[in-house]
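Notes follow once the structure below has been shown.
The letters A, B, C and D name the chains in turn, as written, and every chain counts its residues from 1.
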């Protein structure tokens, strides 16, 4: 079997002496869509933040494209090809949609490539082209999520991690966003999603991981897991 | 905090007592210059201890010291020129400054961090400009003459020395009280986490205003004594931006939020400044700047926090003893 | 600044076009004086008490270039600004960067200490005697309104420089990074931006704008090291009035201060106009901490 | 029985978003009530409204039958409403003893600092931190900081204790001893409202569960009933997933 694109072993991480992730093992193969679900406080966001280098891992290994990426600064990890779309979009107020997108390409210097990717983003989300000069934080919730996704794509990542894609979005918007994610995935970007809407996540993903109290409780093919009563147990504790 | 290191505290109080006696004896030890130096040192001790209430215990970065000083100086001077006896004028100045601080504090203490600092700076500016504009009351930019104390210069210099010394001692007693009372306890809680403090039942607004008023009252009295002492005040001298920063620097030098820190800071600073002032007049402010930079980088907790115990293991009496 | 205001006060005490125009000219200069201070405060969350002295340093450098090399201050401006950019960058990187997470009091005290050092160096090098670069370019008179050309030119240059900074922040990769760090530091990190680098560059730009403003001040007002305190005070007022960290904010605050000074200067005398300026500062601080045009920044 | 703490029709909006929307709840003396709900349900906002940190846009808060809607946080704690924070907030420069004494002094109105410290010692022993009383709070490990937080709040001599995620970040052994402690506090007659992510914890501890979703109470009842409530499952797992699981469950 081919080497996975992202491989995490016995990862432990947290804030100060507050341990959130106790021991995480997780693989993402190239070209896949993988989702992580789990109840509040299980450590999903912390996992993404540890992968992107914002939070320091206290133990364990993260290998990306055959390269050890634990302990590096976020810009190095982004440069290696891992982009992180944070929860709550976190668009920059006072900057236009276009400027927000260009900030995603901050580390790149290939003008032609940036222009091409900007076109790609506008192709996936035409509404962003229409609004490209508008202050990004004045967009609707769904459009802001598109902009945040686009900003992630602009770094030309191999792996795009998305935290809480559907949070606060109307069902139709979630549907559109799922479609867009499939298109992005077809364009060759591997996706790692953290989702609270379990059905959306399982519909999209090839593989799913359920995290409970900082550990992987269940994992497997998303389709198989979707009917598994253990999922509900992991959430509800009963 | 009450039961912390009684040995160290005892030594501290003994040294303060010795220091006060030495200060009181300066007219017999040295000349006019030394007496003047001691008088101004007492003034700085008063201001540093006062600033410590709000800036040290509560860690609100107040730069209003010069405002209280100038206000007290003008209140005292004006009261004296209008015929109030000197001690009465000083008392009036203290009360006036306290009332001013209470009303100002209820508004300005809502600000935090930089905004509080800027607000307190602005008070100094406004008062300085006000003092130079209001000719009828303050004499404007040309200043105000205060009646000279009769009895000759030597007598006067002693009166002011003992007045300033008494004020410094009163302030120190107030500082001891604050340090040991629930007020000081509450302020220390506010310093570390204001919202957690209020959740613990601390009326943070009230405590902050009390600390702010305390930080003003004695400074106001000090300003009034200063005005009588130098018998002439003007706006730029009374509301000095330099003063408003120098006092916090002194406290930081000794150790903010502690009882003895301000005393040590003032003494160290005064001696240092005296050395620098007398030997290198030209680079006086530059060296002061250098002292500040060194202070920030090498003595972040002030002189009191330096681990002397580790440096001089033999001085075991300095070791912290905790009552079980 | 006082001299001009007093000149104004001697004219008839009436608010006319001349007064407004004077306010606008003054306001343009103030915007340029304060914009670097505002940027540093907004992005780094540090009040740079050195700012006034950096402006005066710029003025002296322009003066030196003018007297020693005969270089026109408007021509030496890019040089002076570059020198200050380097100075500011290094100062932040190697000194201020170590106290970025300390309480407000510490950064304030440290920049004050550095300011004393710089002030003393200025006095040693240039003495306390007021200097001025006299260009004497004549004056423009239209109807009742009189404007000295050097002052008008300085104001236009000030606005142009402020506009340039605006374009830099809006339209360049670096500018976007600065705005991103100001708006959301954590999200900026996810864009691969290193806030430490941005802090150093931003402080450098703040110093650059101070140097440029110094070159303009040198042409318009007599200056000495003591002017630093006045300029710092103006920067505070502009910053609080306009809101932190944005060019439009500084512009609005600068114009507001310029107009307050010239209008109230006529009504109440220049001294009282300053009281009004600081009183307005205090009011804005208490009622609208985000400034007249700004939105909430730090704290 | 009269409620010790009750809120009636309480609402609070932030910039047009209703964080808490018309919530009514009553805490009876001596009970342990669990408050659960997905991320952003408004749990912490609700606690803030009950302790005077936030003012409600509408609605009433009553303590022992008395209207306390407009109280300030320090008044709430002096009345006997104590709370812990999601992120523990000890005073780092103070010792464990001083931290706890602060609660005894200011909220429980101990007459002197010495008396407050004497009281504090008892509470510190009660939570099992006796050996660390003179340690600086900043030197404590996370489980000990959580204990300290509990000691601080019982030092306030509360009648109602609002626990906001006291167990976040603890491992299962540590959680068990924290639960034991909470039960012992409850046994002293303190009414407890516990907010928790960890269902197991709330379910094993609480007499009664309230479920908050989008700022409104959507379910209330025994742990078992709540865990099987379709609305609760929807809130946690998403509507579509709940539907599907419901289908597979029934057929």
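What we mean here is this: contacts are C-beta pairs under 8 Å (C-beta built on N, C-alpha and C of every residue); 3 or more make two chains touch, one makes a residue touch a chain.
Values in this document were obtained by computation on a predicted structure and should not be read as measured data.
**Q** Give me the step distance from chain C to chain D, shortest route via touching chains only.
**A** So the least number of steps between the two chains is 2.
**Q** Between B-C and B-D, which chain pair is linked by more C-beta pairs in contact?
**A** B-C
**Q** If you average the CA coordinates per chain, which chain's centre is most distant from that of chain B?
**A** Result for max centroid distance from chain B is chain A.
**Q** Approximately how many whole Å separate the CA-defined centres of chain A and chain B?
**A** The answer is 56 Å.
**Q** When the C-alpha atoms of chain A and chain D are each averaged to a single point, how far apart are the two points in Å?
**A** The mean C-alpha positions of chain A and chain D differ by 32 Å.
**Q** Give, as an integer number of Å, the spacing between the C-alpha centres of chain D and chain B.
**A** So the centre of chain B lies 44 Å away from the centre of chain D.
**Q** Which residues of chain B are in contact with two or more other chains?
**A** none
**Q** Give the residues of chain A that touch two or more other chains, as numbers and ranges in rising order.
**A** In chain A, no residue touches two or more other chains.
**Q** Which of line, ring, star, complete or other matches the graph of chains that touch?
**A** Its topology is that of a ring.
**Q** Going by the touch definition at the top, which pairs of chains touch each other?
**A** Once each pair is checked, the touching ones are A-C, A-D, B-C, B-D.
**Q** Using the touch definition up top, name the residues of chain A that touch chain D in the complex.
**A** Those in contact with chain D are residues 14, 16-20, 22, 39-42, 167, 196-200, 202, 213, 226-227, 229, 231-232, 235-238.
**Q** Looking at the complex, which residues from chain A come into contact with chain C?
**A** Touching chain C from chain A are residues 52, 54, 73-75, 78-79, 83-84, 86, 90-95, 99, 102-104, 106-107, 151, 155.
**Q** Okay, in this complex, where on chain D does chain A touch?
**A** Those in contact with chain A are residues 38-40, 141-142, 165, 168-169, 171-172, 197-200, 203, 223-224, 227-228, 232-233, 236-241, 244-245, 248-249.
**Q** Hey, which residues of chain C end up touching chain B in the complex?
**A** Answer in residue numbers: 41, 45, 47, 95, 98-99, 102-106, 108-110, 112-121, 123-124, 229, 233, 236, 240, 269, 271-272, 274-275, 278-279, 281-282, 285-286, 289, 298-299.
**Q** Where on chain C does chain A make contact in their complex?
**A** Interface residues on chain C, with respect to chain A: 170, 173, 176-177, 179-180, 183-184, 186-194, 246, 295.
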